[in-house]
C-alpha cells in the first residue's frame, strides 16, 4: 500500500498544511484564553455561596457537559445570525470552543480549590485576612500547583476539539486534510498527514506537561 | 532445607545483599534481626522469589530458586509467607482468604477446602470469625488469618516478614503465641522480627544483619549474652535498653 | 416568526426521535464493544510483557493524540481504498469502538495498577499464577474505582456520536443539521437537539457524580 502513497504530493501541499497548523494553533490559543476567562468567572460564581450567582453557573456547566460540542457549535453557527449577530466562522468557532472548554476549566479550578483543606481558609481568616487576601496569598497559589496539569490536559482536548471547526468551513488543519481528499481525491495522504501533525502537537504538549509536573512538585499543605 | 550460597543482590546501585551464606535445617527456627535497611526483609523475600538475585545460589530443598526454569508455583506451595501489612484480600471473608489458594492451585474440592480452612482458623484461635471480612477484624486477628492463609498450602517452610511490626502493642502477643506454637510443632521458620522474647523462647539461631551482610550468627543464649561482633553489641544495646 | 418555526419543529419531532434512536444504537454498540475490548487490553496493559505494553501504549497515544473527527475520516475514506466497503453505521460503530477501547483501556489499567502491590504479592506467595492473581484478587478490587471514570467515559462517548453525523449517518445531530436547512432557526432546532442529548447524558453525569460521592450544587465556599 505504501508504494502508492504519494509523498511528493504531500510535499507539494505542505504549505497548505502548515497554514492549517498555524490556524489550529492560533484558534486553540485564543480559545484557551477565552476558556480561562469563562472558567474562572463560572467557578467564582459557583463558589460565591449566593444562589443567584451559583445556580446559573451550575446550569451552564451541566448543560455544556451533557451536550456534544458539535451540537453547541451548530447552535451558534446557525443560531447567532438569526439573532442578528454576524460573526465570521472562525469567531463563531472560537466562541463555541471557549464556552465549552470554559465549563470544564471551571470544574478543574473548583476541584483544585476544594482540594485545599478547610483549615487553610480558617487559619487565614483567623489571622484577619479578607476574602481577596485569602484568595491571593493562600488559596490560589496552592490551587495552581494542583490545577496546572489538568489545565494542560484541557489544552490538549481543546486542540483536538478545534478540528470540528472544519465542519463549519473554517480553514484549519483538519480542513487542509479534507480538501486534499475532496479536491485531489487523495484521502489517505490527506488525513494521514493531518493525523501526523496532530500527533506532533500532542507529543509536544504532553512533554511540556511532564516537564511542568517535574518542576512543580506541589502538594496542598497537610493537616485539617 | 534452605541454603544461600554467596548470594548478592542489587537495587540499582545499592548493594542490598552482600555475599550471603546461610543454612537453615529442617524444623529449625531462625530469627533474622538488624537495623532497618540491613536487607533482612529482602533476604527472606528472595527465598520465595518475591525478589530476584543477581549472583549466587538459593536452594529450598532440592529446588533451585535462582534458576529461572524452576517451577515457581511448586516453590511457593512449599513456602508460606506472612507479610508485615497482612495483605488480606479485603473483598473476601477470612475463610475465603484461607481457602482461595488450595482450591485454585491444588484444586481441592470446596467442601474439603472449607474443612481445612476452618481447622486452620481454629488453630490460630479465630474459628468464630471465619465469615468476617478483614475490615471487621482487629490487626491481631487479621495477622492470624494471614498466618492461617500461609499454612493453607501445607508448606514445609514458613517465612515471616516483621509480622508484628504493624500491630498495636496489646495485639502482639496473640500473634506471637500462634507463631510459638507453630515452632513447637516443628515447622521450619525464618522470622524477621525485633521481638527478642520470641527468639529466646523457640529460636534455634539468631542471624544479625547490618548493611547487607550477615554479621553474626549464634544460638539465642550465646547471641544475647555473649555476642562477639562490635556491631552486634551496638545493635543489642539499642534494642534491649528500652 | 418564532411561533411559526416552533410549530414546524414540533411537526418534525418524529424525525428527531428517529435520529435519537440511531444515536442510542451507535452509542450502545460502541460502548459494549469498547468496554469488553478495553477491559481485556487494560488488564493486559497492567501486566509485565514489555512488548505488549509498548504496542498498547502506542495505540492509546495514537487515539488520544488525534481528533475523533480525523479518525472517522480515516476509517470512512481510507478503508474503501483497501477494499473494505462499510456503510455509515458500521463505520461509525467501528471508529467509535476503536476510540472508546483506547480510553477504557487506560481507565482499567489505572485502576488495576491502583490496587496495592501487596495484594498481588500475597496471592503470588500462596502459589497462584498471574491469571489467577488478576482474576480472584486484583481485578475484583479494581472494579470499585473503575466505575465513576467509566461512566464518565460513557457520557463522553455518547456525546462523540454527534461527530459521526459528518459521514451522513442520520443521528440526532444530522437530523438537526438537515432540519435547520428548512427551518432556519438555529437556536430552536439545536436547542431541541441539545435537549435530547441532555436527557440521555445528564442522568449518567448525575449518576457518575453520585458514584464519586460529589454533590452537584454548592458544597464549598471561599
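The first chain written gets the first letter, and so on, giving A, B and C; residue counts start at 1 in each chain.
Just so it is clear, a residue touches a chain if its C-beta (ideal position, glycine included) is under 8 Å from a C-beta of that chain, and two chains touch if they have at least 3 such contacts.
This one's a predicted model, so the numbers in the text were calculated from it and none came from an experiment.
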By C-alpha centroids, what is the most central chain here? C
Identity of the chain that, by mean CA position, is farthest from chain C: B
If you average the CA atoms of chain B and of chain C, how many Å lie between those two points? 47
For chain A versus chain B, what separation do you get between their C-alpha means, in angstrom? 54
Measure off the straight-line distance from the CA centroid of chain A to the CA centroid of chain C, and report it in whole Å. 19
Under the touch definition given earlier, write down the residues of chain B that touch chain C in their complex. 48, 50, 73, 76-77, 79-81, 83, 85, 87-91, 100-101, 104-105, 146, 149-150, 152-153
Touching residues of chain C toward chain B in the complex: what are they? 116, 118-119, 121-129, 132, 136-137, 140-141
How about chain A: which of its residues touch chain C in the complex? 1, 44, 46-49, 54-55, 58, 62-63, 65-72, 74-83, 113-114, 121, 131, 134-135, 139, 160-164, 166-167, 174, 177-178, 181, 187-188, 191-192, 194-195, 198-199, 201-203, 206
Once bound in the complex, which stretches of chain C touch chain A? 61-62, 64-70, 73-74, 77-78, 81-82, 155, 159-163, 165-166, 173, 176-177, 180, 184-187, 189-191, 193-194, 197-198, 201-202, 205, 216-222
